[in-house]
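To keep things simple, chains are lettered A, B, C and D as they appear, and every chain counts its residues starting from 1.
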Amino acid sequence: MLGNHKLGACLPTFGSCADRYCLTGYGRGGKTIEEMLDLAAQVEGLDGLELVSNWHVNDDNIDYMKRLFTEKNLEVCMIVPDLWTQEKWGRGSLASTDPKIRKEAVQEVKRSMDWAQEIGCKYVDVWPGQDGYDYPFQADFQDAWKWLRDGIAECSGHNKNVKLLVEYKLKEPRTHCFINSAAKTILLLQGLSNVGALLDIGHSMAAGENIAEAAALLSDYSMLDYLHLNDNYRLWDDDMMFASVNIPEALELVYWIRRLNYGGWLTLDIFPYREDKLPAARNCFAWLETMFEAVEKTGLERINSIIQTADATQSSKLVREMLTT
Amino acid sequence: MLGNHKLGACLPTFGSCADRYCLTGYGRGGKTIEEMLDLAAQVEGLDGLELVSNWHVNDDNIDYMKRLFTEKNLEVCMIVPDLWTQEKWGRGSLASTDPKIRKEAVQEVKRSMDWAQEIGCKYVDVWPGQDGYDYPFQADFQDAWKWLRDGIAECSGHNKNVKLLVEYKLKEPRTHCFINSAAKTILLLQGLSNVGALLDIGHSMAAGENIAEAAALLSDYSMLDYLHLNDNYRLWDDDMMFASVNIPEALELVYWIRRLNYGGWLTLDIFPYREDKLPAARNCFAWLETMFEAVEKTGLERINSIIQTADATQSSKLVREMLTT
Amino acid sequence: MLGNHKLGACLPTFGSCADRYCLTGYGRGGKTIEEMLDLAAQVEGLDGLELVSNWHVNDDNIDYMKRLFTEKNLEVCMIVPDLWTQEKWGRGSLASTDPKIRKEAVQEVKRSMDWAQEIGCKYVDVWPGQDGYDYPFQADFQDAWKWLRDGIAECSGHNKNVKLLVEYKLKEPRTHCFINSAAKTILLLQGLSNVGALLDIGHSMAAGENIAEAAALLSDYSMLDYLHLNDNYRLWDDDMMFASVNIPEALELVYWIRRLNYGGWLTLDIFPYREDKLPAARNCFAWLETMFEAVEKTGLERINSIIQTADATQSSKLVREMLTT
Amino acid sequence: MLGNHKLGACLPTFGSCADRYCLTGYGRGGKTIEEMLDLAAQVEGLDGLELVSNWHVNDDNIDYMKRLFTEKNLEVCMIVPDLWTQEKWGRGSLASTDPKIRKEAVQEVKRSMDWAQEIGCKYVDVWPGQDGYDYPFQADFQDAWKWLRDGIAECSGHNKNVKLLVEYKLKEPRTHCFINSAAKTILLLQGLSNVGALLDIGHSMAAGENIAEAAALLSDYSMLDYLHLNDNYRLWDDDMMFASVNIPEALELVYWIRRLNYGGWLTLDIFPYREDKLPAARNCFAWLETMFEAVEKTGLERINSIIQTADATQSSKLVREMLTT
């Protein structure tokens, strides 16, 4: 029922998730990359994993990683350049006020693109999470925009075999990230080639967006390239299990995935801090399957006809029927 | 399946809901009290309606209202003293800095209690929505607390046949209301007799509470007397249809309603601004029935045993099973 | 110190502000247009007022209004087409699913442009507040986007003497408005001529934006045409007095107004529900003057040099110095 | 001007603050306890530091720590029992469903009380941050409440020379913490002796409270024992510098500190992730001093007389005058 979608996961799904209070993590997950892959390989239907450069992939281990993934029969669905795990990125990467840091950031993205190509991965995910500010009077928005744009332009031209995606987020780790909405991502990328967007459900919700609407907007600009699945309570990127809190909106997104003919990866980006990893991942995919089946059974046409009425009582009744019958 | 609960509704459920932009309302509802009752009487299973004093019930029409409700075979499940629809309450009612206004507020509550007795209604709902403040340096929190406490003490002793309930809300119409959480309501009422709390789902969620937790806390202090059903997007009292947005938490509340042996009214407090009133009300009750059935079918014991594991993957799986099987 | 900025106000600044609970308003303001103008004329420095079509200006009274404003020595700084005060707009105006309503909305905007020209006003403010949705599965985002775009395109070409501005807002009166951020407004308007944006501080903050950053972005796309001043607690469009809550961000905005060479109107959009109107308006302008003076005294260059450090302790210290010395 | 208040700080103020993305921290701070104390000793006016048990103080180093603080001429103003930095507390401490964990938590608090006595510190701060839940159907609220109450009761009786304070927080590290508001803290502690509350500004704001109102409520129940100073954007515990975002509410709090005759510690709980530590701490105290001076200069009586008017325009004008003249 999940059609021809490939299912992926970020590594924290299987790792020992830490937060600022419990820096060694809450246990229960794999500590090494090998342990995390072992866990991942046990999730039925999982096709691939994301890797973060520097942490998981680098010049020294690229061959080994390639072999490891082949052995486990898993793909690398994404390489995420490390622009956020080291002290040096603290005040920004592509949009740092320090030209040396900006240059290093560009290098990291380019190297990630090359590693991606080598390992057979089609995308890198630029998440400029450190590019923002925390306080009033701390950022020159015009400089930052220009630097982000220039950096991405330079990177996107580096390797045409790997597409550069930008992942937006309203906040965290900064109280304000520059690239914070679907619309702003589109503006940033307009006119560039070999670029697109990564829509993370939780980032979108915490930015005040309706996720299905964000997906439709990105799709209309041909920038809906990749999806991160998770959930939260709207105010923070809690990275919870998919559909564990917001069911109607998750269901609406699944309908739009079908309607927009999105054919890309469906990748978990969850932090199951205190949960056992295998049931956590399986639970997300079970919800996903339930929702794809509900949309299939109800039919795009019928759903669409109800949407056209703009009548909320029919909408809410539709959700009830899709879930319970 | 709804057991021995009585089902109620506030009048805006069937009225011409207005907001600050469209002051004449969005149509579709009844304009007169008679029209609203006509609509209400068409909702299968509905047992009663709430009335607001001054607006809907007063010395002049109390006999007529009694007759009207008898004719329609409906109860008055609540009388809400008008402490918020008139200019004079703008800067507070029971906690106004003006002693004359405080006295008028107490009078309005007392008169509402008497009307309630006369019309066979067991409760009045004191919603001190105007008692709060909008700006820093605008309120003396200690005075306000004392005035609220004194006013409620005086009213609660007025008529022992009618119980005085307090309905808390974080904000709106003030940016800060004094009585804004379940715990604060308990503190306010401690030591008084003939008092209790009204838990409005939407107020609770917009106050950052988990609604089931608020219900359990109020119940532990013997103050869970009455429930308002609706839904919202967590940040504002949107007064949407029950379970239209937040399904897992609504389901959790229904479980706790059963577990806590709450036996009171289940009353809609929705503002279906743009919706036809009958399907809106019916949709809420259909969701409610679906959830009561799901709890019944699954069994309190099984649900409780999963809660005891404190294991979120089992919790999320439970929600999926309860809804879809 | 306010340089060559003209100071304006929306009429609720001087009116009897109502909300959904107190539909007749909290008194204290003018009831008629004449009374509101009388109040406005007493605010030193005020240059103009905004009018809403249908409510305040229409074919029947345009000549009278012209005369009235001339008498009071006030300009009409904006005409806002009424796309939101009537039942018929409840489910949308320019993006209604009903083609008849869409057509009426276009007509209302066009007529407003003509009234604007006649009364010597350079702008109309299209605020598509009813164009959105409240529930999941209630909107076809692609249709809506197209209709909004088509409607605005048609209107903007109607009268080249009057510029069509779009005012975005995240929510209210709908739980989701389609045009909800600065970036989305830019996307919507790209390629059209005779259009721009209206940045309302409160809308921007409640949308999760930093207001100064929104101003800079709009300015970079040559769409920063008009400003609405007010304040709120970030989660709702409380329409409070300017700088009454968020001082550092208001100050940062004033700095950017200067830096971006914004030369347009500075117009109050406040709802002083419970306040006397004259001191409320005066208090806003006094804060504004304080902040313009602080920026002037400190100097753009010095402020800019601190921003360039990206060092938050210097930023916070700067705010303290600007305010207190 | 800070009267007889002692000024304190939590250790992250001088440490290498980490978050879930940058687990080694953003540098700039002390890495060892000795380095952090060295930094602290350079902040003029700082009287003491908080320590976390297990991390900073334990049976092995208590004598050494005592000596270290004496050398630096600093007090230990608080010992915080470690109920949150280790994997074992992940699903709760005092309210864990595992009786063995609950017992260990009680032991940790008791031991912390003894260390506190030994080192001459009057308080321990029980912050039950891991006691909560993340998902619906994951917690038995009644059990949790009982366990928390029992645990605190047992601990508070352990050592009468050290007072047990409870620090509430709405969320983080759990999406829902059980003890989440001032009012709930009071309910939890009612009837116990040797207990009180710790009011953290940021926790209070992120819980939707007005901080001054929370202080007044706690004071009325004789539970306002200790204050944590910081700031945030209302939706998350950003642990920013005091008064860097919300100036009017910080000023209102300072007024209430004076009016309530709060005489306890004023302790920074900030995470200056990317900032140099000394200027960050100094900037907070400079803001604090500015505000104490403003209150002193204006006078409690005059401030109080404006509050009594309940007139917001006077309130906002007062803030402007207090800051700028």
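FYI, a residue touches a chain if its C-beta (ideal position, glycine included) is under 8 Å from a C-beta of that chain, and two chains touch if they have at least 3 such contacts.
Worth saying up front: this structure is predicted, and the values here are computed from it rather than measured.
Chemist: Give the fewest steps needed to get from subunit B to subunit C, where each step moves from one chain to a chain it touches.
Modeler: 1
Chemist: What chain is the most remote from subunit A, judged by the mean position of CA atoms in each chain?
Modeler: Greatest centre separation from subunit A goes to chain B.
Chemist: Could you grab the centroid distance between subunit C and subunit D? Build each centroid from C-alpha atoms only and quote it in angstrom.
Modeler: Between these chains, centre-to-centre, one finds 40 Å.
Chemist: Suppose each chain is reduced to the average of its Cα coordinates; what separation in Å results between subunit A and subunit C?
Modeler: Result: the chain centres lie 35 Å from each other.
Chemist: Among the residues of subunit B, which ones contact at least 2 other chains?
Modeler: Within subunit B, the residues that touch at least two other chains are 91, 134-136, 233, 235, 241, 244-245, 248-249, 274, 311-312, 315-316, 319.
Chemist: How about subunit C: which of its residues touch subunit D in the complex?
Modeler: So the residues of subunit C in touch with subunit D come to 233-235, 241, 243-249, 272, 274-276, 279-280, 283, 286-287, 290, 311-317, 319-320, 323-324.
Chemist: Okay, in this complex, where on subunit D does subunit B touch?
Modeler: Touching subunit B from subunit D are residues 91-92, 97, 133-142, 145, 170, 176, 178, 180-181, 183-184, 186-187, 207-208, 210, 212-213, 216-217, 220-221, 248-249, 251-252, 255, 303-304, 306-312, 315-316, 318-319.
Chemist: Can you list the residues on subunit A that touch subunit D in the complex?
Modeler: 17-27, 84-87, 89-91, 129, 134-136, 171-173, 175, 233, 235-236, 238, 240-241, 244-245, 271, 273-274
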